[in-house]
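In the two assemblies presented below, subunit A is common to both, partnered first by subunit B and then by subunit C.
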Partner chain A sequence: MDKTVNQKAWFLVLPVFLVVAFSAVLPLMTVVNYSMQDTFGNNQFFWNGVGWFKELLDPSTDLGGRFLASLGRNLFFSMVILAIEVPLGIVIALSMPRQGWTVAACLVILALPLLIPWNVVGTIWQIFGRPDIGLMGYTLNAMGFDYNYVSNAIDAWVTVIVMDVWHWTSLVALLCYAGLKSIPEAYYQAAQIDGASRWAVFKAIQLPKMNRVLLIAVLLRFMDSFMIYTEPFVVTGGGPGNSTTFVSIELVKIALGQFDLGKAAALSLVYNLIILIVCWIFYTVMTNAGAERKVQAESEPAVEPKPSSGLKPVPALKPKEGVA
Partner chain B sequence: MHSIPGRRVIMALFLIFLLLPIYWLVNMSFKTNAEIVSTMTLWPHTPTLQHYKRIFTDESWYSGYINSLEYVVLNTIISISVALPAAYAFSRYRFLGDKHLFFWLLSNRMAPAAVYALPFFNLYSAIGLFDTPWAVALAHCIFNVPLAVWILEGFVSGVPREIDETAFLDGYSFPRFFIRILVPLIASGIGVAAFFCFMFSWVELLLARTLTSVQAKPIAAIMTRTVSAAGMDWGLLAAAGVLTIIPGALVIWFVRNYIASGFALGRV
Partner chain C sequence: MARIDLVDLAHSYGGNDAPQETFALKPVTMTWRQGGAYALLGPSGCGKTTLLNVISGIITPSRGKILFDEVDITPLSTQKRNIAQVFQFPVIYDTMTVGQNLAFPLKNRGVPKAEIDKRVAEIGRLLDLEPYLNRKATRLTADAKQKISLGRGLVRSDVAAVLFDEPLTVIDPELKWQLRSKLKALHRELDLTMIYVTHDQTEALTFADTVVVMHDGRVVQSGTPAELFDKPAHTFVGYFIGSPGMNIIPAEVRGREARIDGHVIALNRAYDNLPAGAKIEIGVRPEFVDAVTPAPGLLTSKIERIDDLGRIRFARVRVGDAKLAARAPNGFTSSDGSAGLKFDPAHIHVYADSRLVEGAA
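What follows is the complex of A and B.
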């Protein structure tokens, strides 16, 4: 599938370019503009050069301290999320029923949390976790745990993490399930003939085939947990204290709460830059994986007949006999 | 051979984990506030519809749903109509800067909404769209248009190139080919892309809340206002939450087989 070179294709892309440029480039230019200035209200601006950026990266200042602390919290949160959700998602995908109406039922229930507005996710966990009216909070306290996510930082963290696992593990599971579905039956039959253990099947067949979707899952989960805002904001409001204040929450506090445009803009730019870099790394890895797959696919026809004819000769031969 | 030991138990436990909080929300929405606060009951002992009745009769509540639906539908229409030609171009042609453009689109899908909240506020105030559904619809394009391009590109690539060539040989002009032949062929893909645009616009709150004040306030923002102002009207809050889950739950059924590929940006 070689694509033809055609510069006129730009006309087809132009509408997308204009729409996204309108909502991405214009605002970003405003941000760059603000990030170099200071304001004392009344639309009066003063040139500040790179002052905000210096402050941002210096933990001894107020702004820098807040930014670096929230960044650390956020990175820790993303790591915990990935460490829980990716293995759990794989296990869930492997546990999917094989056929029948249960498949559809499981898929629908799995997808349900993904379609709930984010603030309602927060509300659900608020109602579920409160010690006075929530099932989880009430049960935990009745069992003797002193659980209160409003006043205890560790409880707040556990709540936010469990909430995110509840909200997004399904995504990883669905992606892995789609990857597993694309494995041809013949692979499993070959493994069976070779007497491969279940673990060997997972390691040699299922995991490599899930590679690509897992990469996407990790990318999406990292990005979305890195810019998480609504759910923890609704549940904990960033508290107790600042213990669950992530970068987005800090940013909105500075930008829309204090209207401190210069600081907020500088923070936005650094934040965006981090995302852009991670995004670029993933994109490169992804396109490289795609290219490798293409090479593999091209060489596959030569390799393919061997395993299929060697491992399951009967079904492979039958249609030929019928044709002859 | 495909799956792991104890899979039924694992699946059942996980599904219970997913459904329990939702059940609790539904349970709450049918209780009276007195019952919620005073006792711990696993199901409503005095079931009531008062919260739902209030939402459906009070304009400040149900107008939120209408506002939300309005910008979500607008956004879906804009996203799909601009993404279709671009998806075709990315799938069929190579042109100057195509790879960079594709990456740029991806990076916008990943950009944090919090970064754009303030500049969007300024931008849409300046052009007089603030507090209209158009502002939110256009703002949500920043992540929905790239998503739609990615999903549709996958589906267009599934259409054999011979079909284009045959159509052009038969004397179809490009717009006619596009509307009469290509669009019907990838109808299911358009459905999936529309579903995802609908969904991501429906679940987003930060931008929607920042860009509206009175006229176009989405239901999600009305809910947060009630939490802080009225304090403890848990039943009403739960009922409003249940009503926001329903549209998603309804449409899931139609796209259940495409959900994974949609979330994977059409790359499964």
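What follows is the complex of A and C.
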């Protein structure tokens, strides 16, 4: 049968084209436009070429110094919370019950922190940690620890990290639990017969079967923590000094505080680019790991890497660009 | 190496207090001799896997004892019993090579490295896995993986028995046959007790020297394939073993005569002491019933169809409500759709409430 040729069919693509143009392409191009110019208000713009980008990557300038310092803090923060949340999530998943009503209870309790809005989480911890009225802050001080997240940088860091661990470890635990549940009972029985110790079972069966969901967990947690804004902003406001100022907080300061649209736009683009690159690396690693496993697909847990999960962080950034 | 005794062994998933009718495994006492090849045969849900898991220690029985060489091992954990088990789906440790997979049970038991290498090489040779020893186990075919599962059991020199839980389910038919021959060869070579669970009678009859037939949580008969075929102890065995299964026909039996539909069939033995009120049936294998041209003195039946199995033909016939299969000799045709049935009296068995009754000579 011949295919019907009808060029009017192109009109069917038009709605999608328009939606994408207005929702993604135009705002992004506006940001690109700003990043090449400088303004002193009054809607007057001056051409600056790649000047902002040069400054951004040069630590000796004010912009570059602030950007690279906040980037360093952000990467350090992501590494720390990954190093805590991933092993902790695995341990929680391993110690959860496999059947009975306690499963449902555990799942609900674990899911609770995930359902709380970012702002509220920040407020909870802001109050919780206050030395004068906060339960944790007051108790710590009463016990003789000199804890004050407003004046002490280390205390501020500890608070922000503990808050993130409290908020997001559940996600890792739930993903790991799903991975664990998909392991057939025969594997455990075989390991019993082979005389495997608890540690050997973990190393030989549970960890290898979990590595896919773990990869997804690491990706999601890295992205989210790399883009973190609300919670530290509510708790510490980026302080004391600049000690908890992450890239997104710095970006908002430049864009809204100083109204430096050109600098903020350039920073947005670089920020976006870093996230896209990390996404791409993770996605490539994940698909390669998937291809390796295709052969043994019949006995594998049915957790497929979703392409969308790799791209998810980008739309989440959009509001911040719109601001610039 | 051990003789395995099951003493009044029973298991219920609902606990010991559940009514006995609901037990997954009803009380059984039997002996598995050292070096025997056994098959546990029965349909799905008959309790065969439960029995296997009780022997391997994955399930603790509700009551009864298991003895290995007269030593009670019921309270021992799976690790402490010298048992190897191969599961329905191949269990492979993904991150390890084939050789590491085989070495795993020995490493867990702290065997010296030199000894491990020696055993792994030996088992690799025995199972034709030598070329793969250094390759990742995940990329292999299902039958190779199943061989690795088996190898992990065999690699231990202290293993008393190898248990198989429908190990060929995921294997291609052609390879099934090869793998089964391999198992037989291993059995001869290693002098191990092997217990093989299956619902496939061909698999059971070709693998085992003793077949244990289970039905509804009970062991209904255990014997050589020939015994099961010639003298089924239970109508279920007659029906389950053989293709087509045994003909089971309700009948009135008195002395040396069985009466079906008013027609009298002679029996070789006398049955005078049948339990009163029991459901009486006679059983005869289709191989010992001939469909012939109807004649006076023969039971007449209606032919429904004739199955041609290539080497042999079976007529599917009906007598009243009872359906039967009978051998249709070469050249047999029926003009009016009816056939006379000629029974071989030496192979007619009488069953009271489904159990075989021995007649007096």
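Of note:
Definition applied: the second predicted complex is superposed on the first by the 275 of 324 C-alpha atoms of A that agree within 3 Å, B and C clash if a C-alpha of one lies under 4 Å from a C-alpha of the other, contacts with A are read in each partner's own complex, and residues count from 1 in each chain.
Note that a residue touches a chain if its C-beta (ideal position, glycine included) is under 8 Å from a C-beta of that chain, and two chains touch if they have at least 3 such contacts.
What you see is a predicted model; the values in this text were computed from it and never measured.
Superposition of the two complexes onto subunit A shows subunit B and subunit C fitting side by side, with no clash. Of the two partner chains, subunit B and subunit C are each touched by A:192. Residue contacts after overlaying the shared chain place A:97 against subunit B, while subunit C stays out of touching range.
By the touch criterion defined above, A:17 lies against subunit B but remains apart from subunit C after alignment on the C-alpha atoms of chain A.
For subunit A, the partner touching the most residues, choosing from subunit B and subunit C, is B. With both structures placed on the common chain, the touch criterion links A:209 to subunit C but leaves subunit B unconnected. In the superposed model, A:45 lies in contact with neither subunit B nor subunit C. Once the two complexes are overlaid on the shared chain, A:229 sits against subunit B while remaining clear of subunit C. In the superposed pair of complexes, A:53 makes contact with neither subunit B nor subunit C. Subunit B and subunit C never share a C-alpha pair closer than 11 Å once the two structures are laid over each other. When the two complexes are laid over each other on chain A, subunit A has residues 192 in contact with both subunit B and subunit C. Of all residues in subunit A, only 184, 186-187, 189-190, 192-197, 200, 204-205, 208-209, 293, 295-296, 298-299 touch subunit C in the complex they form. Considering their complex, residues 1-5, 7-8, 10-11, 14-15, 17-22, 24-25, 28, 36-37, 40, 42, 78, 81-83, 85-86, 88-90, 92-96, 98, 101, 103-108, 110-123, 138-139, 141-142, 145-146, 149, 157, 161, 199, 202-206, 210, 220, 223-224, 227, 234, 237-238, 241, 244-245, 248-249, 251-253, 256-257, 259-261, 263-265, 267-268 of subunit B touch subunit A. Note for the complex: subunit A touches subunit B at residues 1, 3-10, 12-13, 15-17, 19-20, 22-24, 26-28, 30-31, 91-92, 94-98, 104, 106-120, 123-125, 127-128, 132-136, 138, 166, 169-171, 174-175, 177-180, 182, 188, 191-192, 198, 201, 212-213, 216-217, 220, 223, 226-227, 229-230, 234, 247-249, 251-252, 255-256, 261, 264-265, 268, 271-272, 275-276, 279-280, 283, 286.
Considering their complex, residues 53, 56-58, 77-79, 83-85, 87-96, 104-105, 108-109, 138-139, 142, 149, 152-153, 170 of subunit C touch subunit A.
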